[in-house]
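Just so it is clear, A, B and C label the chains in written order, and each chain counts residues from 1 on its own.
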Amino acid sequence: MIRLLLADDQALVRGAMAALLSLEPDLEVVAEVARGDEVVSAALVARPDVALVDVEMPGLDGIAATAVLREQLPSCRVLVVTTFGRPGYLRRAIEAGACGFVVKDSPAEQLADAIRRVHSGLRVVDPALAVESLAAGPSPLTPR
Amino acid sequence: YFGGWTAFRASVWMLGVVFELDRSRQVQADLAVAEERLRFARDLHDILGRNLSVIAVKSELAAALARRGRDESADEMMAVRDIAQESLREVRDVVRGYREVDLATELSGARSVLRSAGVATRVVGEVSPLPPDVQAVLGWVAREGTTNVLRHSSASTCVITVARDDGCVTLTMVNDGVRSASGESAGSGLSGLAERLGELGGSLTAERLDGDRFRLAARVPS
Amino acid sequence: YFGGWTAFRASVWMLGVVFELDRSRQVQADLAVAEERLRFARDLHDILGRNLSVIAVKSELAAALARRGRDESADEMMAVRDIAQESLREVRDVVRGYREVDLATELSGARSVLRSAGVATRVVGEVSPLPPDVQAVLGWVAREGTTNVLRHSSASTCVITVARDDGCVTLTMVNDGVRSASGESAGSGLSGLAERLGELGGSLTAERLDGDRFRLAARVPS
């Protein structure tokens, strides 16, 4: 059994993802949080093997949360999930110690497969997302 | 140093330049508006992206539940339908917004253009929801007023006020730095505005105030 | 006629004007770009509007089928998922289109991503000014190449070279750490690049070298 933590502030996505992944025989969701600053404390209690972490979350962004999680619970591997890649995301995610970077809307099969690969120590990078996130520097559109 | 001929040529050339500068201010105003709309579009993409992610994940879940003969699948599908309809409404609102003049956008465009021309500009009052035709006409007032400030004054400050009182909305622009009457014949910008306002039962006043100031005020029932 | 001092002042003023004119051309160019993007955004909204309508109708149908215990409901929901994913892809493409590809920026992005993944990376050669379409296609090569290094190798070093010779620009990426053939079927990244390069009269080669190395080389006339 691969134990999963899901961190996403979009409750609808998180709930549906949890239900979908739980249908896989080898995956089990052991914790869910909606804020970046709750990732580490939840992980220290539930001891997941893999954390799926959304980038844009209140409290602390998912990439910053990944860095802390990797430090506090190194046995837990991190798969960063997002709707949009933005310039700099991929570099920051890798720097923070994430093993994977995929879009949220990946088909369930692919998502489950990405989780298994990350769990076995492989790196997973969604190519389309990488293309969006590779560029250095801020987005040319006015930042918030 | 310049001889007479050169000076003449130079001033003809300058006339052309001044003309181009005017156009360039208009372009600047258009750019500010376009950029504002793009910001809007980007925000819309963010919202839609999020909604589409929910739709993708939930519909996959619904299919998985249906395959297992589980009753919740119908509920999941109806939830997907609701999200799709909600998103559709948002797209429609925004697309409509492209075709209409949106007063808030025009005002923020005006402010940013004036500021970038070195005019300290404040927009006072709030634009409560107004009917589209009122927004459109006041949007035109803001544009023409802004162009006039740039063309006919060396303003260092400008205050734009939007206010509501007994059944009317007024938009007022006051700037300083009015140049002494140039004698050049006035154009048709303000009279065009007065006409548009008249069609909605409104009116326009434009007057020189003390202290080199100019006030443009549009009033329209709403 | 102009005296020396006046002429001097006039020419200083003209300098300012010429400077402003340059800026105004820039503003005009920016406006053209912004308007192009808005057109894009509008098209996107039309597509999204259509897709969202289909999603709304199909998910309602799926729910009705599920309530009647009919198996087709799962297929309908998978179709909804596919439409949602397709729509998201289009949103992403458009959002990406807002960003002009600048080769120097792409290369420094590639270097920093690879370095943060522990790959010692050097970028060699210089990017002299290149036409936008050449920069765009080489930017794509850099992105796809970098993604491939991350996905298909355990590289410890990577060298990216940009060079010009007789009317061509070449971009080469060499990495080590090639994994033994994984048996998984290859994707379409490189063939897509070859196609884009072909449109500009260029070409792509990708080959395994001695010592677990991989070389990707793009060549395009410029």
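Observations on the model:
In this text, contacts are C-beta pairs under 8 Å (C-beta built on N, C-alpha and C of every residue); 3 or more make two chains touch, one makes a residue touch a chain.
Everything numeric in this text was worked out from a predicted model, so none of it was measured.
The touch graph of the protein chains shown is complete.
Farthest chain from chain C, judged by C-alpha centroids: B.
A comparison of C-alpha centroids places C closest to the centre of the full protein. For this pair, chain A with chain C, the centres built from the Cα atoms lie 24 Å apart. Work out the mean CA point of chain A and of chain B, and you get 40 Å between them. Inter-chain spacing, taken between the CA centroids of chain B and chain C, is 32 Å.
Multi-chain contact residues, meaning those touching two or more other chains, occur in chain B at positions 35, 38, 42, 49, 52-53, 56, 60, 64.
Among all residues of chain A, those that touch two or more other chains are 83-84, 103, 105, 107, 141.
In the complex of the two chains, the chain B residues touching chain A come out as 35, 38-39, 42, 46, 49-50, 52-54, 56-58, 60-61, 64-65, 68, 76, 79, 83.
Of all residues in chain B, those touching chain C in their complex are 1-4, 6-7, 10, 14, 17-18, 20-21, 23-24, 27-28, 30-31, 34-35, 37-38, 41-42, 44-45, 48-49, 52-53, 55-56, 59-60, 62-64, 66-67, 71, 73-75, 77-78, 80-81, 84-85, 87-88, 91-92, 94-95, 98.
Looking at the complex, you find that chain A touches chain B at residues 10, 12-13, 16-17, 19-20, 23, 83-84, 103-105, 107-108, 141-142.
The touching residues of chain A, when paired with chain C in their complex, are 83-85, 87, 90-92, 94-95, 103, 105, 107, 123-125, 127-128, 130-132, 134-137, 139-141. Residues 81, 84-85, 88-89, 92, 95-96, 98-100, 105-106, 108-110, 112-113, 116-117, 140, 143-144, 146-147, 150-151, 187, 189 of chain C are the ones that touch chain A when the two sit in their complex.
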